[in-house]
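Each of the next two complexes has chain A plus one more chain, namely chain B in the first and chain C in the second.
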Partner chain A sequence: MDGAAVETPIASSVPSRDGPGFFQRHGHLLLLAPGVIWMILFLVIPLAMMVYVSFWTQTTFAIKPDLTLKSWTTFFASETYFGALLRTLRIWLTVLFLTFLFGYPTALYIGQFVRNKTVQTILLVACVIPFWTSFLIRVLAWRPMLGKEGAINILLQGLGIIDQPIEVLLFTELSVIIGMVQIYVVFMVGPIAFMLARIDDSLFEAARDLGASPMTIFRKITFPLSLPGVVVGAIFVSVMVLGEFATASALSGRKVNLLGNIIVTQVGSLKWAFAAVIGVVLTVVMASVITVLLRVVNLRREL
Partner chain B sequence: MMELIRLTKAYKGVPAVRDVSLVVQEDEYLTLLGPSGSGKTTLLRLLSGLEKPDAGQIHLNGEDVTYRPPYLRGLGIVQQNYALFPHLSVEDNVAFGLRYRLIDPVTDDSEVKRRVAETLELVGLTGFGGRMVGQISGGQKQRVSLARTLVTRPKICLLDEPLGALDANLRERMTVELRKIRATLGVTFLHVTGNETEALAMGDRMVVLDKGGIVQADRPDAIFSAPSDVRVARFVNTYNVLTGSGQDSVFRTADQLVSLPEEAHGREVGFYAIRQDSVEIDAAGTVPEPGRTSLQATYITSEFLGSRFIYIFRLPDGGVFEVERHLSHSDPVTYKGGETCSLSWNLADALVFDPSGAALETNAFKGAA
Partner chain C sequence: MNQNTAIRTLLAFYTALFLAFLYGPFVVMAIISFQQGPEGGPQFPIIEWSTFWYQHVLGFAPPSRVAPLPIGEALTRSLTLAFATMVVSTVLGTLTAQAFRTQFKGSGFVFYLVVLGMMVPGVLLGLGMALVSSQFGIDRNWWSTAFVLHVVYTYPFAFLVMLAIFNRFDKSIEEAAWALGVPPGRTFRKITFPMIFPGVLSAMLFAFTLSYDEFPRTLFTGGREVTMPIAIYGTFAVEIHPNLFAFGVLTTLFSFALLTVYGVLMSASVRRARVRATGMQEDVA
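So, the complex of A and B:
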């Protein structure tokens, strides 16, 4: 500091030393560069490539960069492929609704009813214990549970509740939904519990003091204030479910084909252009879902 | 009218409120003064029903409401941190109680709007209804919080350090406004504070709390001029309190002797208090006139407070002695640091307390009574 003060009169006569240096003037660009380069290399270029490739001409054994709409028309004209889009959307909505239905009360319990911070953390960690094992094992573990001679059927038969094993449990859309809900419900619980735990107790006290009953307080205070958590959870679940393929193929016996499964088979048979079309469709669907969800709550203001 | 009967509450074995009995009248401004940790917030939470007492009763207009939940009590609490609902506009915050209370909610939306507008006008926030809570200042939040409580017409409005988070300027303005608002509505205000000036200035009546119990409850001027306990004398922050022991006609403190008022001769005295503004500063060794007594102390520094000066002295035992001089009474005098001065006062102005802290009857008390 002292040195700078002494140098001032000299520096003023030499403009280049007086003004801020190159790093000071362009420092923010320099700091921005790694992120921007990373995003361009690994997000913008691949996305652009995907869109570009979706218009290429596909023959049985080769793909040529001659632009055509053929892959696109095939997708929307085909019952199988367009049906897969509708099925994906239906399963996504069901799973989203069910993860909310099971996740919200769990989060409410952890975030509001458990007052001890340590116990809260322990319970949240307990929710992610299934993640200590591989994703595929978690999915496949449902087979001995839901199968014709699986745990649930044996138990129900043993208790004499049913005579015949329930067959719809495995290798149906139901088993896919059960598997997905179990795997993804945690992503709903976490953000909501976090949001609920952050609400200041004095707000509930104020509402009670103003004469509101516990139910009214939940409807008017607790739920609206936890909404950002619900939206974040919904975004997590949506993005993961929309791109799913492993759960669907493992628990449906390849009967339930989601968009993700079609991409896998198309890539497997080197149909790059068609896989790219589905990729673009999935990206558009996810982008619109996220946009709509963000409209519900202004996350930038809330977080 | 609210009656507290021997209210007691402990947290994990540590008593926060003990054996508090008090009658809160209709249409009065009652201030509760106590240092932090004296149990004043706990007492407020017991009254509002946010906490349940371990023992004792609360009667509201003759009804026992001790264990009634807050939403059925009809009291209003304005919390220290305002506790505004961050997802609602100012208008919806204020309307919350009217719309959503369990008993007798106002369903007519135009009626809600009318009452909200009326209350916002009362607290001086007309035109702010549409703003979000995040877009208003601290002082405005405080008014919204007050309006939200007042709009429900509570029987008693409990205020937990309402001016604590405001800057000095705003605090002074709100002091006047709170009294005005209260007078307009005729609602009883029970105002908890840790600030003695606030308690003295605002209350029709004032209660001093210490360690969970009531030490004194009286008019502010009576408490100010005749504290019943040495702790009260310390809280009001305008007394020099000397610790020592009485020996017949003199009081020994910090190896010096000061005369005791005649009424205290021969009695057991543990504390001696003299108001900061009844003390004269003379040159060292000045012999006090008859009816006065003096003490030698070392001058340290002075503090200029606009209309007055505070001179700070050190006693031989390290204790601090402050003298207040109003500039309207006398011109400021400059002393040298380290200079020894003689501090003298009228014996009639002195207050004495027995070793347990209770006040002994003296002339000063009779004068006040």
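So, the complex of A and C:
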């Protein structure tokens, strides 16, 4: 690469290792430009616009660029809207905890106990296959599962476990949580299984040779080393659950309103400024969650 | 050791249960798609087994009170959109990942700017874009405002896939080509691209499927002409019918076909690479 490069005064004043040409030195800028420009135009500007509009004045059918805090005070003063924030946080935490609880053992089995790479791949693919069905149809498929005459009630009654059908299964907060856990749990399993599969086997052998019990091995080796996977999974699940509205509107019969649902309703009735306020609230929640999670693990290094 | 076997069995059993949980709704969906029509609803019990709803989806069923899914236009739009998104986001992802192979100032900023695209919830981005377009008088269409957001969403995935590929990539082969005086464009075509092809294929697959199924971003920005997910979302408000489930089964089969094509291309590429490696000497001569 540096065959033709001769020490020139200019090259030596630039802190580069050898004397590469212009393209080698600045080529990355050309490569980066399209992506960065795209993201600034279609990601940063829309988000900035959202923040800006949240301070605009809302009239019945339009918004005017007169700055005001009115939409903000309405949000925090209103029982409905502030309640939606709390409900969103509650459902998010519940789903996050449940995806971890249900996902971890599966990830442990796939990542650590299955040592055959082919079987490992088959099991992971088996987890991903349901994703080939449209997300919305997967959500709707929970209705005939959970309903009063749904598959679960038929099954439980058939087995004689219950006499009366369980009615709280559908169109409640519970059905939203069940639906979300099933849809998002795979995003927890994948990263954890990936981290577990990377652990060197000799580590376990050494621990066993030194007389560590399976429980100690799990506590001292397996779990700490799988933590980056847990964090990445938690980021995936959090991002998706916090911005959710379809599962809630399909499985709760519009009884459970998350922040996402309120944004959709407000946009539907052209309350742009108000939708923007909720959008900013959601962004702040999301940003703090991700920041905290990224404190625990460096995403770039784990790649 | 004995204790270990017990744990293994227990976990295997648990994993089986877990998979049943994942597949449960899917199985129920497949069963109900064979519900009698057009009176039969999307619930148990099955009144009579029939393929009515499949005919309904494909447009063969006699007209009834259940409106047909707008398969023709909506599906074409969704596939076109997914294809365009796939091409653009894979190109952008590859370019950016290529830039990340050398260290540069501000790489952390660019990394998080790009990754932000997959982290921001769709509903926020859709809202932001809708605000921008309504304030600046830009028309909202699936091929304009919705398309750019689809790329914002899928480009980070393509970028991360390509970054992972380039991380495992032996740079010295390219350097050898440069040293022998091969121009950069030709080096990329002849050396770099064949080596990163499997990654490019995965990135394309990611982008296509994510865009095809995308709806929170499209909801506010897609305009009047709906894509398939928006058409399905539209049925949420009114009654749902088993035709959705029949459609779900059909699209899943379609996805499998797509996955098979991907698998075949992938293994062909691996095989070709092997053949090329063994035939390299004749090539050079």
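One rule holds for everything that comes next: the second predicted complex is superposed on the first by the 270 of 303 C-alpha atoms of A that agree within 3 Å, B and C clash if a C-alpha of one lies under 4 Å from a C-alpha of the other, contacts with A are read in each partner's own complex, and residues count from 1 in each chain.
Note that in this section contacts are C-beta pairs under 8 Å (C-beta built on N, C-alpha and C of every residue); 3 or more make two chains touch, one makes a residue touch a chain.
As the structure is a prediction and not an experimental result, all values here were calculated from the model.
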item: Partners on chain A (chain B, chain C) - clash or fit; value: fit
item: Superposed arrangement, angle subtended at the Cα centre of chain A by chain B and chain C, nearest 10 degrees; value: 90
item: Partner, of chain C and chain B, that touches more residues belonging to chain A; value: C
item: Which superposed partner A:P224 touches (first chain B, second chain C, both, neither); value: first
item: Touching partner for A:W72 - first (chain B), second (chain C), both, neither; value: neither
item: Partner chain(s) touched by A:T216 [first = chain B, second = chain C, both, neither]; value: first
item: Chain B versus chain C as contact partner of A:A126, first or second or both or neither; value: second
item: Partner chain in contact with A:A206 - chain B first, chain C second, else both or neither; value: first
item: Partner chain in contact with A:W142 - chain B first, chain C second, else both or neither; value: second
item: Closest approach of chain C to chain B (Cα atoms, Å); value: 7
item: Shared chain A contacts, counted only where both chain B and chain C touch the same residue; value: 213
item: Touching residues on chain C, where the partner in the complex is chain A; value: 3-4, 7-8, 11-12, 14-15, 18-19, 21-26, 28-29, 32, 42-45, 91-93, 95-96, 98-100, 102, 104, 108, 110-111, 113-125, 127-132, 134-135, 148-149, 151-152, 155, 159-160, 163-164, 167, 175, 178-179, 184, 209, 213, 215-216, 219-220, 228-229, 232-233, 236, 240, 244-245, 247-248, 251-252, 255-256, 259
item: Chain B-facing residues of chain A, complex; value: 200, 202-203, 205-213, 216, 220-221, 224-225, 301
item: Chain A partner contacts - residues on chain B that touch it in the complex; value: 48-50, 69-72, 74-77, 79, 81, 83-87, 96-97, 100-103, 134, 148-149, 152
item: Contact footprint of chain C on chain A as seen in their complex; value: 1, 3, 23, 27-29, 31-32, 34-36, 38-50, 53, 102, 105-106, 108-110, 113, 123, 126-127, 130-138, 140-145, 147, 149-151, 154, 182, 185-186, 213-214, 235, 239-240, 242-246, 249-250, 260, 263-264, 267, 272, 275-276, 279, 282-283, 286, 290, 299-300, 303
